[in-house]
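One chain, chain A, appears in both complexes that follow, with chain B as partner in the first and chain C in the second.
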Partner chain A sequence: MKCYIGIDLGSTTTKAVVMDGKGEVLGRGITNSRSNYDTASAVAKQEALIDARLTLVRRALAEEAALAGAAEGVLEGLERNFRLEQFLEQLEDLERTCLANAEHDRHEDLRKAMAEALEEIFGRLRADAEHLYAPGAERKSDFFRDIAGSRYMQRAEEVAREAGLPFDPLLNVYDKSIIEVENRPPAGDIGGKFLRALGRVLAEGGVHADHEAVRAAVERALAVELEEGYVVGTGYGRVRLPFSKEHIRSEILCHGLGAHLMYPGTRTVLDIGGQDTKGIQVDENGIVVNFQMNDRCAAGCGRYLGYIADEMNLGLHELGPLAMQAKKTIRINSTCTVFAGAELRDRLALGERREDILAGLHRAIILRAMSILSRAGGVQNEFTFTGGVAKNEAAVRELRKLVKENYGDVKININPDSIYTGALGAAEFARRAVEA
Partner chain B sequence: MAIITAGIDIGTGAVKVALFRVDGERTEWIGKRNERIRRRDPFQLAESAYDDLLREAGLSREDVHYVATTGEGENVPFRTGHFYSMTTHARGAIYLDPEARAVLDVGALHGRAIRIDERGKVLSYRMTSQCASGSGQFLENVARYLGIAQDEIGPLSQQADNPEAVSSICAVLAETDVINMVSRGISAPNILKGIHMSMATRLAKLLKAIGANDGVTLLTGGLALDSGLVAALNEALAEQKLKITARSHPDSPYAGAIGAALWGAFRYEKLAALGQLPQAS
Partner chain C sequence: MSSDTTRIDGKPEVVKEPSMLKQKEMIARNYEALTSAPETGRKVVSTFVPGNLNELVMCFDMLNNLPEINAIQNGLRKKSGAMIMDAEKRGHSEDVCTYVKADIGMMGKGNIAPNGKPLPPPDLLLLSYTGCFTFMKWFELLRHEYKCPTVMLHIPYQGDGRITPEMVKYVVKQLREEVIPAMEKVSGVKFDIDRLREYLRESAKAEDNLVWVLESAKNRPSPIDAYFGGVYYIGPIFTAFRGTKDATEYYEMLRGEIEERLRKGQHPITPEGEMEEERYRLVVEGPPNWTNFREFWKIFYEEGAVVVASTYTKVGGVYDLGFRHDPDKPLESLAEYCLGCYTNRNLPQRVDMLVQYIEEYQADGLLINSIKSCNSFSAGQLMMMREVEKRTGKPAAFIETDLVDPRYFSYANVKNRLESYFQMIDQKRRAAGAAA
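Showing the complex of A and B:
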């Protein structure tokens, strides 16, 4: 099957979309951006292809009436166990790397104790993994770095205390190692991991359909060849993508087109990404006519919430729901992302509720987005909100309120896959390059 | 009579505790602790560090006459009193380096310059603005990104042969800049030195702003031990034709805690003379 791929190399996350010849999206993948752009785009692409495989499995299961009832359960279990397989694979890599780096630790007298502590920490992390990926379990993030990082931190503190070891060297070893692990090209053997995941799903006993028929359908989906027809790259890091010039489009163009594909009636697009906030006006064909973005300061960007999540030791996903429980909105005075983290700590120390502070932080981020929008020429009907922050319900609530106050009843579109808008536009450019 | 006094400095990046015995003019430093916070609860860290120090000194909380907090330590439940960090750093600096006539306190978020007299009295001061560009936090984030431990930063920075200027203004956007530099193959020493240079330029301006034109400036705060920053600062001072010698002391990070402890002893004596003794818990 011929497919077209768009890759959006953002400052914080790298996204990829796989599309078929008819323009239908087969899969989406996301990873965090790293210092090695080749690896970041390779990982995002691989993730999108994994998601595309799941789409093919869904189709294969749908083809057989007898399996129709079991499809959702199989897919959910397959994805969950595939992630577990991936996690264990990377955890093993991380353990090896940490042990090797501990060997070179500057504190010679600590080495032996460090190695023992690391083995203990990783033993506990492996034991945690099954629970992390158990049915219904919620993870604070989708990225290995975040999941492994916060668990490691917790376990290292326990082990350090029990063993009477200093905590800092254990963290330093982690900091050093996670970068090496992240910047290694992604491991292959997708098919093998899917089959092992399938084995786990069937062994879990939740699939009430003929196991052999399920296995046959999954194997059929795995056998389909996904041929890369054309790849287009965009985003902040696009100039460094390992692509030739004709495979690269500006991110403003890709965002405009992506938003247009999702909502053909859209005229204004707000994109709040990791490190930039863009207000874009597009015409009826999705072509950009005007835009504004932040420069010199990251206030009002996605990273703002990332910092706050770090400060509170929460996952990015948990911020919105917490802020929704606010009883009042605390005014946040710091414009600077980094200082807002310190202000948050002050407010907490003064006894304010975290929900109310979070509501204030969400309001602050949206107020800044509104000022960029007004510089870009205001909000016109229809208005589409894209980027990672569009997933955050508290930010969305604040945006709806402020758009209504300032621009009246404008139709507001928010797509659950809005974070992939730029990659979607890029994939469509790739498809048009061949099919049109 | 000898006064046992503790200084607790809670910063954004680390908690510092210093324990002193003050007997008239004689000042004995009994113990010290410096714990990086790294997402742990600073108040719990402060309490356990404080109790550890007491235990090592063979003392109990009842033996302590005054527990003085500074920095963000206002909410430490067992404190006797709180001192503004400007005054504690000034006092701590004079204790560590009697020649100092200015203090440059460089912590995780703030940089501040304080002009002082020979007794540690604050004459004037200036702080960095409400933007974290060039803060210690920024440097720490970059180091973590590069996989470099705190105490490796300085020596590496001093190996730079072609420092890369940090173009971005914002601490958050600059992180992306650094990602870009790594992908362009710029070496860690050249990146770190570039950041040190940009921080040094700001700090030199602060010193100018408080009217420090010559003499010794003591660096305090968490970044004072970063030899790369100290070197870059002296280069920047020479470039701006300021006859200031910026130097550091191995115990510079404790300046706030030392100052708090010494001010605590001072206040205790005053109150004792007035017959209004506070109760430490």
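Showing the complex of A and C:
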């Protein structure tokens, strides 16, 4: 099957979308952009292809009436066990890297003891892994670094204590190795991992359907060749992609087209990303007719919220919910990150509640966005809000309020997959480059 | 016709045509005349580009010094940044016109001309144009510094979009009663109207050829870039050479070069040689950025974007709409010249001009380069943009840079917007093609 891929290399996250020849989305993948755009795009793309495989499996299972009832269970198990396979693969890479780094470590006298300790630690980590990915188990993160990191610390401490070894060298070796592992593009063999995962699913015993029929359906889905018809890259990291110029589109066009695909009636798109805010007007075909964006400073962009979160010692995801608990909105005039920090401290010193100040900060961001929108020609019906900040409920609440005040009752769209809007537009550009 | 190449610091060879070399020599000669004025005893008048009265200045054997041009020269040579910082240390705020601050900073550093010698203090400050009110404040500062006579030629703004006989009379009266007597007094030379007629005759010849050159961009491919190349073409006529035999020769030479380019079907010449392909034809409104001029231009020619008409090349006279200096009515034509300059026109006139350019030059759209520190030029630009979009149906875009403050030029932001704009034009074309 010919498929088309869009990759959006954003400043904080990298997103990929895989689409079929008819324009249907097969899969989506996301990862953090890290410091290495090459790896980020390889990871996001592979994640989207994995998701696409699951879509194909779902389709294959749906084709057989007898398997219809088992589909959700199979898919859930398949994804979970696939993640386990991936985790084990990366764990093995981490172990190899740690052993190699321990070899070069300056603690010459410790070399042998370190190697033994590492083998012991990784043995325990492998044993832990099965539990981490067991049915119903809760994982705090999907990123290898987060999962492996906390478990490693725990196990290394135990092993060091038992073997009478210092903990620090074990920690150093890990720190050095995790970056290397993280910046290595993922290994291929998706099919092999899926088959091993399927073996685990069936062995778990939760699938109440003909195992052979399930296996046949999954194998049929895996046999479909996902041929990369065309790839289009977008986002700030787009120049880093190993594509020719024809395969690169600006994120303004991609967001415009992506929003049009999600909501064909949309005429105005607001995208608040990590580094910039864009007001985009599109026509009835999703073609950008005008756009405006913030100038050289990122005032009022996603990074502003990140800065505020740091200032308040909060997680980024906690800001919106806290602001929703506000009883009043404290006036914060500055969208400049640094000035907003000053206003924030001043209000705190005056004894204002954090929730109320946060509500004011969210309002300040949206006020800035409203100014960019008016420069772009205002808000037309329908209006679509995309980008990471669209996930923040307090920002959305302020946006709804201000759009109503300024433009009346305008239909506002916010898609749960809005973070993929740019990648979706890029995938559609890829499809059109070949199919149209 | 042969081209000369000069290598600067190992960067790509800069291609220079004979006319460019001639202009370079003319400018060097003028700076030499200015810096040796204390020895030669010639008087110096400082004035502005829009509405400059070069023919009249020459009638009194005076030398013409243009602080704006000095600022541009310092911008191009990467010297303006430090000068602006110096002016800020002396109490001029960040948002003030950076031409003014570059000039004040230059004074602080001994007023060194590009030839390495100090510019003498002016003997007369001739404020000949008030389309920009900052000019008044600028010369107030200079008057305070130099304590020399200052004369102001007040030019009524074309608020109603036309030049009335009363306006011409009003300006002529000032020329007769204020400007000419002041110049006679400072120079000790008696005014001779026949001498003025002779210079004006020369001006008109050069103006004919300049218009021919600028209009050559109506061809496909355009043999010139009417913005990045255009700023070189307007050099002599907008500065101390209008009315000289040198200028007449320069424009004859330039015309000859362009005729040959046209005959050969050649594209515009860029610092890195001939442009390869004409993919986009643009009309540009607003001055260029001087501190990053090469880098800025490169974004255009690398994408095959050629500017076929610009308004900036009309700030020192709108000749292509028919105006010529006229020896038969010398003072009246000087008055009409001042009244007709681009920035003395009202917004509807400026919109009309842009629309006319887009149509006559078959441009793909309008690009506005809005100058951060120039409210005079920037006021109304977004409104103009919308109006032009509405009337032509062609896409427009908006970027923000500065004249000579390097801190206001954000490469990533400008490039992002320009690439998006070019792709937007592509997308519109494709859609138009599909519809056809």
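The rule is simple: the second predicted complex is superposed on the first by the 254 of 436 C-alpha atoms of A that agree within 3 Å, B and C clash if a C-alpha of one lies under 4 Å from a C-alpha of the other, contacts with A are read in each partner's own complex, and residues count from 1 in each chain.
The working rule: contacts are C-beta pairs under 8 Å (C-beta built on N, C-alpha and C of every residue); 3 or more make two chains touch, one makes a residue touch a chain.
The structure presented is a predicted model; accordingly, all values stated were derived computationally and were not measured.
Applying the stated contact rule after C-alpha superposition, one finds that A:G315 touches neither chain B nor chain C. Of the two partner chains, neither chain B nor chain C is touched by A:G73. In the superposition on chain A, contact of A:V289 is made with chain C only, not with chain B.
In the superposition on chain A, A:R375 makes contact with chain C only, while chain B stays out of contact range. More chain A residues lie in contact with B than with the other chain of the pair chain B and chain C. Looking at the shared chain after the overlay, A:R345 reaches chain B, while chain C stays out of its contact range. Of the two partner chains placed by superposition, only chain B is touched by A:Y37; chain C is not. In the overlay built on the shared chain, the residue A:D175 is in contact with chain B alone; chain C does not reach it.
Annotation: chain A residues 236, 296 touch chain B in one complex and chain C in the other.
Every residue of chain B that touches chain A in the complex is listed here, in rising order: 12, 36, 38-40, 72, 74-75, 109, 130-132, 135, 137-138, 144-149, 168-173, 176, 179-180, 182-184.
Against chain A, in their complex, chain C makes its touches with residues 372, 382, 386, 389, 395-398, 400, 408, 410, 412-413, 416-417, 419-420, 423-424, 427-428, 431.
Residues of chain A touching chain C in their complex: 236, 249-253, 276, 285, 287-293, 295-296, 375, 377. Those residues of chain A lying in contact with chain B across their complex are 11, 33-37, 106, 153, 157, 167-168, 171-172, 175-177, 179-180, 236-237, 240, 275, 296-298, 301, 303, 307, 310, 313, 334-339, 342, 345-346, 349.
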